[in-house]
Amino acid sequence: MIRSALSYPSKKNLVLQCLRRMSSLVSTSVSEVHPGVAHVTMHSPPVNSLSLSFCQELSQNLQVIHKDKSIDIILLQSDIPGIFSAGLDIKEFTQPKERLMEFWTAFQQLYIDLYGASQTTIACMEGSAPAAGCMLALSCDYRVMTSNTKAKIGLNESLLGIAAPPWLAQQMMDTVGSRVAELSLWRGTLYAPEQALAIGLVDELHENPRERALELAVAEFQKIPRQARAASKTLTRQKRLKHFHQERQADLEHFVNFITQDAVQTQLRGYLQQLAAKKNKK
Amino acid sequence: MIRSALSYPSKKNLVLQCLRRMSSLVSTSVSEVHPGVAHVTMHSPPVNSLSLSFCQELSQNLQVIHKDKSIDIILLQSDIPGIFSAGLDIKEFTQPKERLMEFWTAFQQLYIDLYGASQTTIACMEGSAPAAGCMLALSCDYRVMTSNTKAKIGLNESLLGIAAPPWLAQQMMDTVGSRVAELSLWRGTLYAPEQALAIGLVDELHENPRERALELAVAEFQKIPRQARAASKTLTRQKRLKHFHQERQADLEHFVNFITQDAVQTQLRGYLQQLAAKKNKK
Amino acid sequence: MIRSALSYPSKKNLVLQCLRRMSSLVSTSVSEVHPGVAHVTMHSPPVNSLSLSFCQELSQNLQVIHKDKSIDIILLQSDIPGIFSAGLDIKEFTQPKERLMEFWTAFQQLYIDLYGASQTTIACMEGSAPAAGCMLALSCDYRVMTSNTKAKIGLNESLLGIAAPPWLAQQMMDTVGSRVAELSLWRGTLYAPEQALAIGLVDELHENPRERALELAVAEFQKIPRQARAASKTLTRQKRLKHFHQERQADLEHFVNFITQDAVQTQLRGYLQQLAAKKNKK
């Protein structure tokens, strides 16, 4: 059911590619014409929600790519029209404590594997990226978004009665500045593409983000020496990751304590019932 | 003489409200129509200077509100036309060492009580907010300022021969960005409302800031779940407060050592004499 | 050959001035009409490359000025048309380990002496300032650049296959914001004057940067009490310097380890051969 596609363009990786095609994980996106550029395509209907298993699978795929010296650019994209990723799967929030811990640990790991990738990463957003969907985009080095005004991006956790974790808030601050981040976290603002571009939350809008991302990868980013790109990335991200590792356990405990509060659980269950009611109406 | 008014709108607090009305602290601003929204009105003529006693009183009022679970939004305002607060009372700077220490400790505490409030706080500026008056505004979550071009806001300490404390400089950096803050601290820039809006030092200009602040509180901010607002606030402010507590003693010592320098005292006494001469002329 | 000129305008310093005129270090720029303002003029043809000896000499001159209580403003400028400084001397990168360590230590010291100067410092750029030339500018308090569109400024290290050190990356982040800095470090962007002004990398463009810098020094900056300027500067820079001292040894080791990698040395030697070939063609 869940399909996080990993497709290698280089011929050297045909074996791995074929192995993956045989498994249920392979999506249709393959582009062998551009050596060094890997597509990671999310395909977990209906909205690429980050469940425990989906987080784990994405992480696993990223870890495989990290070890593959032939790949130096990762394009993260979705195969589901109108959605990049809808963020964390809310159903996970109402699970027992043990499962909650396993879930949050997997989400933390996904952040480490994406934000800390030594490769250059481009988020290629053909649809919306709210909440943890926005985290996936913020963890990449560059963000290309559809110019379709129906798409939205932002950290809207507060509207659900919860708050983004500190490291995600920090990503937002690093990207759009402290004050804009502070206000948007508090208000739970979702931005249309033009607004997102104006505050620097995305780097480019394009009618065809996939086409543009590939063009950028080949015509611009691969022109910069690989070790210099990796070293520049380390410059700004290493201290964030070091701090994250120091706080990881505390972050896990804080999440579990916050989310299991009665007031929060009531709000979340109410939200899930609303969602279910909407579905049944249809 | 000093009147820092604390007026509770909710009926539950009528007893407290009445008690306070009987004391000399009560101002005229009362609005019982909006549950959960408290006005804290400064009324210490002529310019709401932050003297030792005024700092202590404001802190005390904020601490009372912090414990009141029925209040979730604080509107900080002034009853004096044309002035929000003129900042620290310069006369305090020429006092003996013991008093200087008591004064700075009270000023630090005011920062903690306002910046660290779990409630949502809105600075409602109908007049100027220079120096520590600007600190009061920066410590709130949102800033609405009059569009009257006579009003000014900024950290102009350098023109007096002194410097803002590091934690106030940090608030400025967090709000307008490092570089704009650095230049403005150095030059002691006071901004007109339009300029302040352009650099993000205030969030909105309005002909009637009180009316607008109340509207925001009820129509926008109370719509966001309370615990999420508090948690989002913690995200960005907790690490600043933690750092402040670590540095609090050093900050106190630095202030006293700096301010008691002969060159600084001479400049401050000269400034006070100028002020007195101006008064006598009138 | 190398001439880092130190010229004191105040009459009190005529002795020192004369002494320096007698040595090979003295350039022609002298302006005795403005007390308190010192010109530090770089004149190391062809492009003010920061070699080991040039770093040491600039540091030494700055240290002399630091101790001179009569000087409160430093104007850093170049006597070479079209160039402020081309950055580190690449030839130093291909030297043996011992020399590499000495070189990097001198470069670190130059940063400390310029960034940590208690005087107000103005970079007066009549030409380009790439890489470590940009570091010299970022270490000053204020940047005036020529409006000549041929001039460029930025951190273009990545195009050479290397990365700026973390403290230089931090200076860029502090000046233009995290995200703009991150992208520019990664891409190695060199900005034309108008672009540099737009992102805040320089503070002013002027047809005659020297004239404008002197005007600013006298008509604006000297009007602000000296101790307040120094104290404001401490506010934003002290914590960076403290952190730098903690990391200085690790930064040195990291530099030597990175630069002595085979892949990096090959790229650097290739670059030097290209440069030599160009010269011979001429």
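So that you can tell them apart, the chains are marked A, B and C in the order they are listed, and the count of residues begins at 1 in each.
Throughout what follows, contacts are C-beta pairs under 8 Å (C-beta built on N, C-alpha and C of every residue); 3 or more make two chains touch, one makes a residue touch a chain.
Just so we're on the same page, UniProt names per chain: A, B, C = Enoyl-CoA delta isomerase 1, mitochondrial.
Everything numeric in this text was worked out from a predicted model, so none of it was measured.
*Asks:* Quick check for you: after a Cα superposition of chain A on chain C, what is the rotation angle, between 0 and 180°, in steps of 5?
*Replies:* A turn of 120 degrees brings the C-alpha atoms of chain A onto chain C.
*Asks:* Could you check if the interface between copies chain A and chain B is built from the same residues on both sides, meaning over half shared, or from different ones?
*Replies:* Different: fewer than half of the residue numbers at the chain A-chain B interface appear in both copies.
*Asks:* If you average the Cα atoms of chain A and of chain B to get two centres, how far apart are those centres in Å?
*Replies:* 39
*Asks:* At least two partner chains per residue is the criterion; list those residues in chain C.
*Replies:* Counting only residues that touch two or more other chains, chain C contributes 173, 177.
*Asks:* Provide the residue numbers of chain A that touch chain B in the complex, in ascending order.
*Replies:* 157-164, 166, 169, 173, 177-183, 185-188, 258, 261, 263-264, 267
*Asks:* Once bound in the complex, which stretches of chain B touch chain A?
*Replies:* Listed in rising order, the residues of chain B that touch chain A are 120, 141-142, 173-177, 200, 203, 220, 224-225, 227-229, 231-236.
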